[in-house]
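Quick heads-up: structures coming right below.
The two complexes that follow have chain A in common; it is paired with chain B in the first and with chain C in the second.
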Partner chain A sequence: MSSKPSSEFPFSPPAPDSPANHNPDGTSLFLPRDDLNTLIGKLTADGYQVVGPRLEQEAIIYGEISGADDLPIGWTDLQEAGKYRLQPRGDQAFFGYTVGPHSWKKFLFPPVAVVATAERDGTGWKLDTPDAEPPKYAFLGVRACELAAIKVQDRVFLGGPYTDPIYQKRRNAAFIIAVNCTQAASTCFCTSMNTGPRCTAGFDLALTEISDGFLLEIGSAAGNAVASGLSLQPASDEQSGRGESARQQAVSQISKHMDTTDIRDLLMGNLQHPRWDDVANRCLSCTNCTMVCPTCFCSSVKDVSDLTGDHIDRERRWDSCFNMDFSYMNGAPVRNSIHSRYRQWMTHKLASWHDQFGSSGCVGCGRCITWCPTGIDLTEEVAAIRSSPSSGRSERPPISDAEVSAT
Partner chain B sequence: MKGNSSNSGNPQQGQHSASAGTLAASPRSRPRPRLAVFKFASCDGCQLSLLDCEDELLAAAEAVEIAYFPEASSRMEPGPYDLALVEGSITTPHDAQRIQEVRRCSRFVVTIGACATAGGIQSLKNWAHHEDYLKWVYARPEFISTLATSTPIADHIRVDYELRGCPINRHQLLEVILAFVRGQRPKLATHSVCLDCKLKGTVCVEVAQGIPCLGPITHTGCGAICPTYDRGCYGCFGPAAQPNCRSLTDHCLQTGTSASTLLPLLRNFNGYAPEFREASNRVEALSAAAASVKEPIDE
Partner chain C sequence: MTVAVDPHNPWLARTVRIRRIVQELPGVATYDLCFDDAEIARNYSFRPGQFNMLYLPGLGETAISISGHPRRVGVIPHTIREAGSVTTGLAGLPENSCIGLRGPFGSAWPVEQCAGRDVVLVAGGIGLAPLRPAIYELLSQRDRYGKLILLIGAREPSAMLYPAEYNEWRDAGMQVEVTVDRALDGWNSHVGVVTALLDRVPLENPSGTLLMTCGPEVMMWYTIQGAISRGIPADSIYVSLERNMNCAIGLCGHCQLGHEFICRDGPVFRYDRVASILKVDNL
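Showing the complex of A and B:
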C-alpha cells in the first residue's frame, strides 16, 4: 500500500513519548483488574465523557460508560457474513469481543449535525454557525483497525485545504484508550490490510487484557499524565508473556484474507467484469455496509425550514453512495442501478481511495460483511474478479471517468 | 415506478397552468391557495395526521385557505381548489367517478397514504373473490355496489405527487404542502429504512436477531420505529427506490423464514404496490411449486 505518513497532513496525532509498545522507563506496566474503574473515574473527573462498549439491543455497541460495570463483562460475539450473535464467554473478560455494529465515527462525525442556521431579520437574514463546545470524549476499547480507520478519517476531514470543524473539535479533544485484540471474528481481515491486530500508534493509552488485569502502554504525554494517577506496577515477565500469547491468539484466529496486490489496477481494469452483475443481483442497495464502515464519510446537506420560513437549519446527515438520490444531478441520478452503485462503493473503497487519499479506504474490520443483510463479502468479490480478470474484453461501451471516480 | 422521487407529473405543469406555475400568493394582491382534503376508501388516519400537526396547524392555516376538509370543518366551499390532498383507494364505481371530479376541480392532486398510493390493506381483496367477501361481511350484499378491486388513485387519474406511509409522516406532509405553496417540487428522500436505523444507532434486528425485516426494500418515513423496538419492518411506507425484493425474499427463504411468514409481511398495507405485489406473487409461486414437488411423495 502507498500510504503516506500522517506527518504530511496538517493534523497529526499526539506524538508518542517513545515507541508505543514501551513505556518511558522501558518497563512494561501492569494495571490490576479492579483499577480499570479507577481509570474510568479519573477520566470522568478530568471532564471526559467516557464512551465504550455496552450490551444493548442484543449486541455490543458503543455508548456512555460510567464505570467498569457498564462494560460487557463475560460476553462475546459470533460473527459471519450477514449474522451476529451474542454469546456468554464463561469468564469475566471486559474486552473479550470483536468490533460490533457501531464505530467511533458516530462520535467524531455525528450522524446528524446542524452546520449553520439562518434567522429572518427584518428584510435580511442573520446567519450563524452553531459552535457549542462539543463533548470531550474518552474512547475506551479502540481496536487496531479502528485506530487505522480514525487515521483514514483524519486525512479525509483534516488532511486537505478544507477542514471539517465539527470533526476537528471532537478529534482534537478526544482521549484514546486502545485495546489489543485477543481474539478475532471470522469476518476480520486486518492482517491483509496491515492495520492490526496489534495497536502500534495513534493512542494515548493501550491495554492488553489478561485474567488478573491489563498490560498498559503509554502512547502520548496526555496518556502519561492520566497513567501517573494510577497505581501501576511493573509487569512481571510471566504477565508480559501471557499478554503476548493473548495477542498472538487474535493473530492466529484470523482466517479471512484479501489479496491487495495491485488492487487498484485490478479493479479499475475490470469495470465491465460480469461479477458486478452477479453482486448487483444480491445487493439490496440498503446502505448498511457504508453506514457501519468506520471510514465511509459521505453526507448530504439539506436546509430544513419551519413553517413560517423564518428559521432555517442547514442539516448534515450521513448519506451513502448506495442511495439513488445521492448521485442525482440535472434531473436524473448518475448511478441509476444497483450495479453501478455497488461498483462505485467497492472501487472507491479499495481502488480510487488510493488516488484520493494515498491509502486504502478499507481497514479490514469486517463490519460491512457482518452487517450486510444478505451477507455480501467484499473479499469474495475481489477474489472472484482476481480469479478471472476480464480487462480489455469489455462487452459494454466504456463508462466515463466521472462515473467511475465521482464520490 | 411510483415513488416520491418519480412523481407522475411536474407540479409546475398543472392543468390550469397559472402564471409563474406557483401556488404562492403574493402577500397582498392574491388570495391564499385553496386546499381541499378528499377521502376515498380509507381509515381517516392520514387526514388525522394533518390535524395532528398541532403546533404547526395554525401556521399551515395561515399559509393556505382550508376550503374543503369535512373531517375538520363543516364549512365546505366549492372548487376549484389549488391543492387537493386525496386519501383512500378506489373500491366503488361511484368513487371511480368522483375521483375524476376531484381531478377536474383541482390544480394539483397529491395522494397521501398507503391506500391512495398503493390500494391499502383493502387491496387484499385483489387476490380473492370479492363476492365472497361481500357475503361474509354484509347481511344483504345485494345492496352493496362495489368494484372487484381496490386500486391506487394513480390508476385512475394523473397524480402530481404521491406521499407514502401508513399512516403518512406529518412532517413530510407539511413539507409537501409547503413545497406546493412555495411553488417548489417536493423533495423527500427515497432511501431504505436501514439508513434510518443506522442514523439512530439502532442495531439491525435481521443480522443480530434473525428477525425477518422488510427495511432494506422499504421507503424511509417512519424513522425506523419497528426495528428500534426489536421488530422487523412491516413495509408501511411502501417500496423504496429501486428495491431488490427478489434478493431479500430469496435470502429470507434460504435462511429459514417460511413463505407463510413472508407472504403476509409483503401483502400488507402496501401489498398491491407493484414491487411488493410482484415479490409476494413470486414467493407464493415458489412455495406452490415446492409443495407440488413434495405432494406425490407425501401420498
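Showing the complex of A and C:
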C-alpha cells in the first residue's frame, strides 16, 4: 500500500469534503461476514501485522491474529467492579464484548522498550538511540473510548516540546479499524466522558457488526485504499437500520455516570478531603488500574547491561504512580502513603490532566473499575467528594524552627 | 536557545569529558564537563537555573543543575553531592573520564526581569549551585540592576559552598551575607536560619524587589513567607523545585507536582503559580 494512514499525528483527519471521508456513492457500505477474513488477509499482504482481540488467559486480550477464526467468536465479557468473566453469547458475533484488560497502548507505547544504548568504545562510550523500524500495525477492533485514548496519548507523546520517537514511529505507521460497540458493560461510562460509544473520527475504517456482516465506514485515504480491494456492497436500509439499533443498544445499556462538571476545580480544591483516607483503606496500591488504563503513560528508564558490562540498553518500562519508589527523592518517597498515591492518580487522571494536555485523562472505558481487586470505582470516589466538598484547603502544618534547617 | 537536545530524538545523550574535578565540601564536588564534539560544544548554551541529565553507562541518569557561567562557552560545571548510585559512581571517576549528557532542560531564573530592580537571592546549602549562574549573569551586567543581595545559609561554617568566591562577588557589587545553623570557633558572621537573615536585611523598595530562592523545600517555604511579610509580592518570588526526574522531557510522569512537570514547566517557578500546591503535603 502506498498511501499513508491519515490517522497520523498531528490530528489531521481528511477534510470534511474530501472523497476519502465518504463512502464512494454516499451510501452506507456493507461487508459480508465472510469477507472479514479477506480484509485481514489484505492488510497482512500490505505488510501490516494485524492485531486484534483473542481469547487468552481467560480474557479477551489483544494479540496478533492471522485470520477471522482467531477472533473471540461467540464470546462476551461480564464486567463489574473487581470482576471479569467470559461467557458464551449463544451466537457467532466477532466483536460481542466490550473491552478487556489490554489496550492498544501496549503496541504504541510498549511495556518494555529500549530508548538508548551505550557501547564501550576504548576508554569511553558510544552513545546512541535505536533506529530500528517498528512493526507496522493494523489494529482491528478499536472501540470509541480507545480511539479517544489514542488521541490522549498522542497529546502526551507527540504534542509537547519533545516527542517520543518510539511512540511516533509506531503511531505514524498504524492502521486503525474501529468497531462500534453494540453492548456496554456495567463499568462503561464513555457517555459521561463524551468519548463514545459511537466511533466518529480517528480511524481508517470503522465497522458496525450486524448478524450477516458489517456496516463499513471509511475514515481516511488509507482506509479508502484498503476498502477498494474488498467486495463491498451498498448497505440496504434494513441493514443500516439494524446497525443503528445495535449501536443504540450500547448507548441504552450504559448505566454508569460520572458528573464531570468543574471536576478539575472540584478535585484540586479537595486535596485534603477525608475521602482520600477512606479510599486508601480500600486501595492495595497494586498498580492494576494504571496498567490497564489506556492513557496512563508513566514509565521508568533503567540501564540494563550484559554480563561484560560493555553493552548497555537504556530500557523503558511501564511504571506506576502507585509504586512507592516512583516519587523517591533524596532518600525518601514524596508520596509515602496510599492516601497520597491514590490522590495523585485520580487527581492527575481527572483534574491536572486538563492543565497538562487540554483534556481529561479518562476516557470512561471502566477498566480501572473492573480490574481493581477491591472494586474501587473512581466514579463513586468523585461522587463522594462532590457530595461533601471540604470548605477549603488547609495550610501546611506548622513546622518547628529546628526543622527549618538550611541544609 | 539550545540545539543540544533534538526535540524529535530527546533520548540521545552526548559524550562529555570530565575536564576538572574540584572537591568543594565532603561529598560535594564540582565537575567541569566539556563536549567531545566541537560542533555540539559550540552550539551548546544554557540559561541560569536549567539542568542537565548526566549519564553513567550501567548506572543511569541523574538530573543536575548547571552551576557555571552562562556566558562561558565550552566548560559546563555541575556541583554534585554524592547521594544516589549515579552521583556516587561519578564520585569514583577520575578526571578525563567520559560520561553522557542530555540537556539543557527546564525553565530559568528570571534574570531579564531583574533589570532596574533590587534583587534578593536566598540559598540554602547546596541550593547555591543552581543560583550561581544567575549570580554570574547579574554581575556580568551589574549596572543594569539595583541592589543585589545574596543570603547564604549552611548547616555549619565548613558546609559553605564556593566560599572563595564570596569576596569576588562582593567586590563586583553584590551584598553577600552568610549564616550558619551552628557556629564554631572563629566564625564571626550570623548564626541562625537563613530566613532570619532575610528578616533583618534592609529592603528599600520591597514591592519592586525580586527574590529567587533555592534550597530545601521547607527552607524555601519559610523564606517565601518571610519575603511576603516584608512586602515582596508573590509574583516577584521565584523558587527552584525538585522532584524525582527520570526522563527530563515531560514523558515519564515521575516529577509531577500537582499539574506541573518539574522537569518541563520548572524547575524554576514563579511562586504564585505553585503556592497552592506547595501547601499540600505529599503531593
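Heads up, the rule we're going with is that the second predicted complex is superposed on the first by the 367 of 407 C-alpha atoms of A that agree within 3 Å, B and C clash if a C-alpha of one lies under 4 Å from a C-alpha of the other, contacts with A are read in each partner's own complex, and residues count from 1 in each chain.
Here is the rule we use: a residue touches a chain if its C-beta (ideal position, glycine included) is under 8 Å from a C-beta of that chain, and two chains touch if they have at least 3 such contacts.
These numbers were taken from a predicted model, which means no experiment stands behind them.
Asks: Is this a clash or a fit when chain B and chain C both end up on chain A?
Replies: Chain B and chain C fit side by side in the superposed model.
Asks: Is A:Q272 in contact with chain B, with chain C, with both, or with neither (first, second, both, neither)?
Replies: second
Asks: Touch test for A:F297: chain B only (first), chain C only (second), both, or neither?
Replies: second
Asks: Have a look at where A:I61 lands relative to chain B and chain C in the superposition and call it first, second, both or neither.
Replies: The answer is first: A:I61 touches chain B but not chain C.
Asks: So, does A:P161 touch the first partner chain B, the second partner chain C, both, or neither?
Replies: After superposing on A, A:P161 lies in contact with chain C but is clear of chain B.
Asks: Is A:S337 in contact with chain B, with chain C, with both, or with neither (first, second, both, neither)?
Replies: both
Asks: Can A:M329 be said to touch chain B (first), chain C (second), both, or neither?
Replies: A:M329 sits against chain C, while chain B stays out of touch.
Asks: Which angle, in steps of 10°, is spanned at chain A by chain B and chain C when each chain is reduced to its C-alpha centre?
Replies: 70
Asks: See if chain A has more residues touched by chain B or by chain C, and give me that chain.
Replies: Counting residues of chain A touched by each partner, the higher count goes to C.
Asks: Based on the superposed arrangement, let me know which partner A:A221 touches: chain B (first), chain C (second), both, or neither?
Replies: neither
Asks: Applying the document's definition of touch, where does A:D355 land relative to chain B and chain C: first, second, both, or neither?
Replies: Touch status of A:D355: second partner only.
Asks: Which holds for A:P373: it touches chain B only (first), chain C only (second), both, or neither?
Replies: first
Asks: For the superposed model, what is the least distance in angstrom between any CA atom of chain B and any CA atom of chain C?
Replies: The answer for the closest chain B-chain C C-alpha pair is 5 Å.
Asks: Is there a shared patch on chain A that both chain B and chain C touch, and which residues make it up?
Replies: 305, 309, 319, 337
Asks: Please name which positions on chain C make contact with chain A in the complex.
Replies: Checking each residue of chain C against chain A gives 5, 7-15, 36, 55, 57-61, 83, 97-100, 124-126, 153-155, 159, 179-181, 193-195, 215-216, 218-219, 221-222, 242-244, 246-247, 249-254, 256, 258-259, 261, 264, 276, 278-283.
Asks: In the complex, go through chain A and note every residue touching chain B.
Replies: Going by the criterion above, the answer is residues 56-59, 61, 82-86, 101-102, 106, 111-112, 281-288, 291-292, 305-309, 317-320, 323-325, 337-338, 370-375.
Asks: In their shared complex, at which residues does chain B touch chain A?
Replies: Answer in residue numbers: 5, 56, 59-60, 63, 174, 178, 182, 189-192, 194-195, 198-204, 206-210, 213, 215-217, 230, 241-244, 246-248, 251, 255.
Asks: Tell me, which parts of chain A touch chain C in their complex?
Replies: That would be residues 115-116, 118, 120, 123-125, 127-129, 156-157, 160-165, 168, 268, 271-272, 297-303, 305, 309, 312, 314, 316, 319, 321, 326-331, 334-337, 339-340, 343-344, 347-348, 351-352, 355-356, 393-397, 399, 401, 403-407 of chain A.
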